[in-house]
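Which chain is which? They are A, B, C and D, in the order written, and residues in each are numbered from 1.
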Amino acid sequence: MLRLLAGHPGASVVFATAEAGAGEVVEGHRLITADDAPFSRVEVVLSALPHGVSGGYVQRARAAGRRAVDLSADFRLSPEAVYGLTEVARPRVAAAELVANPGCYPTAALLALIPLARRGLIDASREVVIDAASGVTGAGRTPRRELLFGEVAEDFRAYAVGNEHRHFPELTAALARESGFSGDLVFTPHLLPVKRGILETIHVPLTRVLDRGAAEEIYQAAYDGEPCVSVTHGTLPSLRDVVYRNRVAIGVACVANVRRPRLTVIAAIDNLVKGAAGQAIQNMNVMFGLAETAGLAC
Amino acid sequence: MLRLLAGHPGASVVFATAEAGAGEVVEGHRLITADDAPFSRVEVVLSALPHGVSGGYVQRARAAGRRAVDLSADFRLSPEAVYGLTEVARPRVAAAELVANPGCYPTAALLALIPLARRGLIDASREVVIDAASGVTGAGRTPRRELLFGEVAEDFRAYAVGNEHRHFPELTAALARESGFSGDLVFTPHLLPVKRGILETIHVPLTRVLDRGAAEEIYQAAYDGEPCVSVTHGTLPSLRDVVYRNRVAIGVACVANVRRPRLTVIAAIDNLVKGAAGQAIQNMNVMFGLAETAGLAC
Amino acid sequence: MLRLLAGHPGASVVFATAEAGAGEVVEGHRLITADDAPFSRVEVVLSALPHGVSGGYVQRARAAGRRAVDLSADFRLSPEAVYGLTEVARPRVAAAELVANPGCYPTAALLALIPLARRGLIDASREVVIDAASGVTGAGRTPRRELLFGEVAEDFRAYAVGNEHRHFPELTAALARESGFSGDLVFTPHLLPVKRGILETIHVPLTRVLDRGAAEEIYQAAYDGEPCVSVTHGTLPSLRDVVYRNRVAIGVACVANVRRPRLTVIAAIDNLVKGAAGQAIQNMNVMFGLAETAGLAC
Amino acid sequence: MLRLLAGHPGASVVFATAEAGAGEVVEGHRLITADDAPFSRVEVVLSALPHGVSGGYVQRARAAGRRAVDLSADFRLSPEAVYGLTEVARPRVAAAELVANPGCYPTAALLALIPLARRGLIDASREVVIDAASGVTGAGRTPRRELLFGEVAEDFRAYAVGNEHRHFPELTAALARESGFSGDLVFTPHLLPVKRGILETIHVPLTRVLDRGAAEEIYQAAYDGEPCVSVTHGTLPSLRDVVYRNRVAIGVACVANVRRPRLTVIAAIDNLVKGAAGQAIQNMNVMFGLAETAGLAC
């Protein structure tokens, strides 16, 4: 976030916090502890504190009359905050005092599913299956054995299998709210031996046959003019199309040799950019009437 | 294959072939061209020639009265050959003149699905979704841009999406033949930035509720005493559990927060061992009455 | 280069060429063949054609009265061109009609060695030993077996050992020209399993004892105010400090337990940026009086 | 070590210890704490306890009359123990009560340098420069931020620069003891983004000109019949030649374009096998009159 803000033409960083790292200098800012944060001196607080910790500080910022974008999960299911999936909630974000920045996995899945769900194209009598794979930066930098290079390199594993991931309720709630879809989802994250990026392979049962061109047109229409959404035509995105960019890339393929209509949608994002700090800045830009992609490469 | 055979106590290599590499020495054998192969001097031919090429040479070996294990796809759908998924077809393999060694992806998927399908536990009215990820050695060593380190490292992509992979008909045919299952499958392979290993995340709609313990018991019973199948209990396998071994590892998880019963099965193999050369040697051992795991680490 | 130029505030791309890829669109430019290049319509030509091919096209551009930066090796040893190590040759670059952009390995080595050599601190009676390691993008994108992911991942190898690399004569000639140093060098490149970045471990025999602070001060003085050189203090750079940046990072350590004074200098660059396209743009900026880092992140 | 011993035809494991992991089962052995180790029930103790801890337990084993191979650094500089570089010290190892297993970096460097040093071919008036690069398993499995996948992948760094590494005094002492060489060494380790393997690029100033063939013959003669040393001819080894094997691979190249004779020697080992557990078992085999490579793939 600090690196992106360093190149932002319309924002300047007043303070940045850390706990163990307080006193260090990052991108030119000497880190202070969150308890010392001078909320009154800023226009907006972007909080990337841990889940469970962030909420209290965000409440302090709001008590001081400041707007906030919270990157933790603390407000994502709360009616107090606007759920900041920018492309879907732009007017609400613009007016928001508090934006809950979406989780990385839901960001990709929601932008892939909402256009189909809003048109009633998803067959709610069959499950939507989402297999997602993420680079390890999604797990943070706290040292844990299972994140060591010697454990992750040359490995690949599923985790939180069976709808056990924290992002599952966030995803289902947001999908229902934005599209009315109430069918079942099966969400399975995997840990990839890469530094950054998320690829989601989303298996969608359809209510009617849809060829690839028609499916691509639905996405094209839904995201016409969107600077941070890229719909591929005739190809499918991979991580290299999105890393270091504030972009979701979406591509589709029809499924042959099955009795009922199905679509496979591939969605890719950089978990650290569109999946976290980039979307937070995108939301901040919308909140303050700045160019939406100011400071962001899309 | 040559490396595994070098440590095999009951087999000795009479000749090994290559085309571009003829004349080179590999594991102590000077490679000859396949056209020069002295089939009459061996008891069994293990052919890892390319699809479309292998069949002809295997026919020559059989015309010379030799038994054969063909690692190509040329006989996998043919009634001439026994489909060599060892654990499922052991008596037929033992008696076979020609064994078609299964593809890497089907090996893992079939060993995961057959025990459930044989018991009628898979709900054929909903699709079985298989997301599979493979290391790059599965794509061979012919230089192609998309397999360069600079393209594959830090990337992850789906390919042959929509049931377009060569292994799809092999998988559906073998599953139907061995279990009678005739529901729909959705099979999506992905390319992983690792050297070797396949992990398959298999989403199974169930005809009745099955808790994890009961599911594990089904696999335990199905593979009781099998030296090359490992059923995990309470954990899920990853690539590190299987690479360099002739083993499939299978683990299960129940799916919460869905209306109808579902199981997620994770199956892992080394694509070069249990998915190719190792299973070929396992089949050869069965064909000749040797210890089934002779020359193999399981 | 096209990606960097896309964000350049003072340059616009008139044409871009490719041979096999002609007709494709890259960063918004439809590629034409080099033979169709309309040199008369541009102010400067940046040529990244292969060694041996580039020279001819650059001569055509010059015959059309255009200035040029050649990224190939074709003019690096030629008196026709200014050797474009920007920090060392800035005034000559500013006035140049033709700039030979330095090789990636020499860029890092020269910026590390010249400040010491100019002060007579390198003991020419003992060899300077340079072990350099590069990511695979330095080898280009032409498919070759030894560059496949399956060959490079988990491997590390030396190549062109014994001063056989094309960059050796470039390095020795430029070092002599810029500093008068005429001692022996031993240069050994290695292939790293990473996508980008070069790290050079440079072993310097000294004419007199120099502690770390004094050595750091020499570099600090030599590169005072330089936007693309970063001298570390008390730490040593690694690839992560420089990738995606037009920067060389230099750090030093004294050598204990030896009889005669020695310094170990670590220099790191991104081979694709400061080692190629970035330095070319930096040179172009200098040639046309633009801000030196326009379009570049340093 | 336990995995290697599981396949050893002439050894059986009586107990295995861990501290945090006590109670876990590894390769069929339930781990006990070192304090509970029944030294009296074994013929030999192989200790891979941490430096500073191992020594005390090894002394207890010896007090109980047991022979020992210590993989820690605790006895490597001590006259109590035989320094177990097997190829160099075989008769002493055979008779030893206590063997200090060499460090990983010294193992490769010593096997590369001793044959030249014993013949007086190394010019002691110029420094021998050793740049070594190791996979991360050399750093153990204790979680530390700098060993996380997100930090190590795509990075490369030098550490303990300036002869600060623990292996430097071990290396110089052993080289002097075995060959009488007393010139200066400069040893610089680097951290590679691979799981296992060490490659050392060793720059040797020569007392006289030696062409490649002559240098190869020196190594060939020095290691004639050695099962765990592989001398390459006309090529240079890389990590893929040695990983998962108890082998050092050594290759040489002459250095052109320098005034005085020099040789570059490349030595590669698997840090976990010939650099640790494998060499310990090799030493155990020698101590007990077993086939030297029993249980080992070379």
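We take it that a residue touches a chain if its C-beta (ideal position, glycine included) is under 8 Å from a C-beta of that chain, and two chains touch if they have at least 3 such contacts.
Note that the structure is a prediction, hence the values are computed from the model and not measured.
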Exercise. For the chain pairs A-D and A-B, which is connected through the larger number of C-beta pairs in contact?
Worked result: A-B
Seminar exercise, completed: Farthest chain from chain D by C-alpha centroid distance is chain A
For this session: Let me have the rounded angstrom distance from the C-alpha centre of chain A over to the C-alpha centre of chain B, please.
Result: 37
Seminar exercise, completed: chain A and chain D have mean C-alpha positions lying a whole-number Å distance apart equal to 47
Exercise. Going by the touch rule set out above, which residues of chain C reach two or more other chains?
Worked result: 135, 151, 153-154, 193-195
Exercise. For chain C, which residues are in contact with chain B within the complex?
Worked result: 135-137, 141-145, 147-154, 193-195
For this session: Report the residues of chain D in contact with chain C in the complex, numbered from low to high.
Result: 126-127, 129, 131, 133, 135, 151, 153-158, 161-164, 168, 172, 184-186, 188, 190, 192-197, 199, 201, 203, 205, 236, 238-240, 243, 253-260, 262, 264, 266
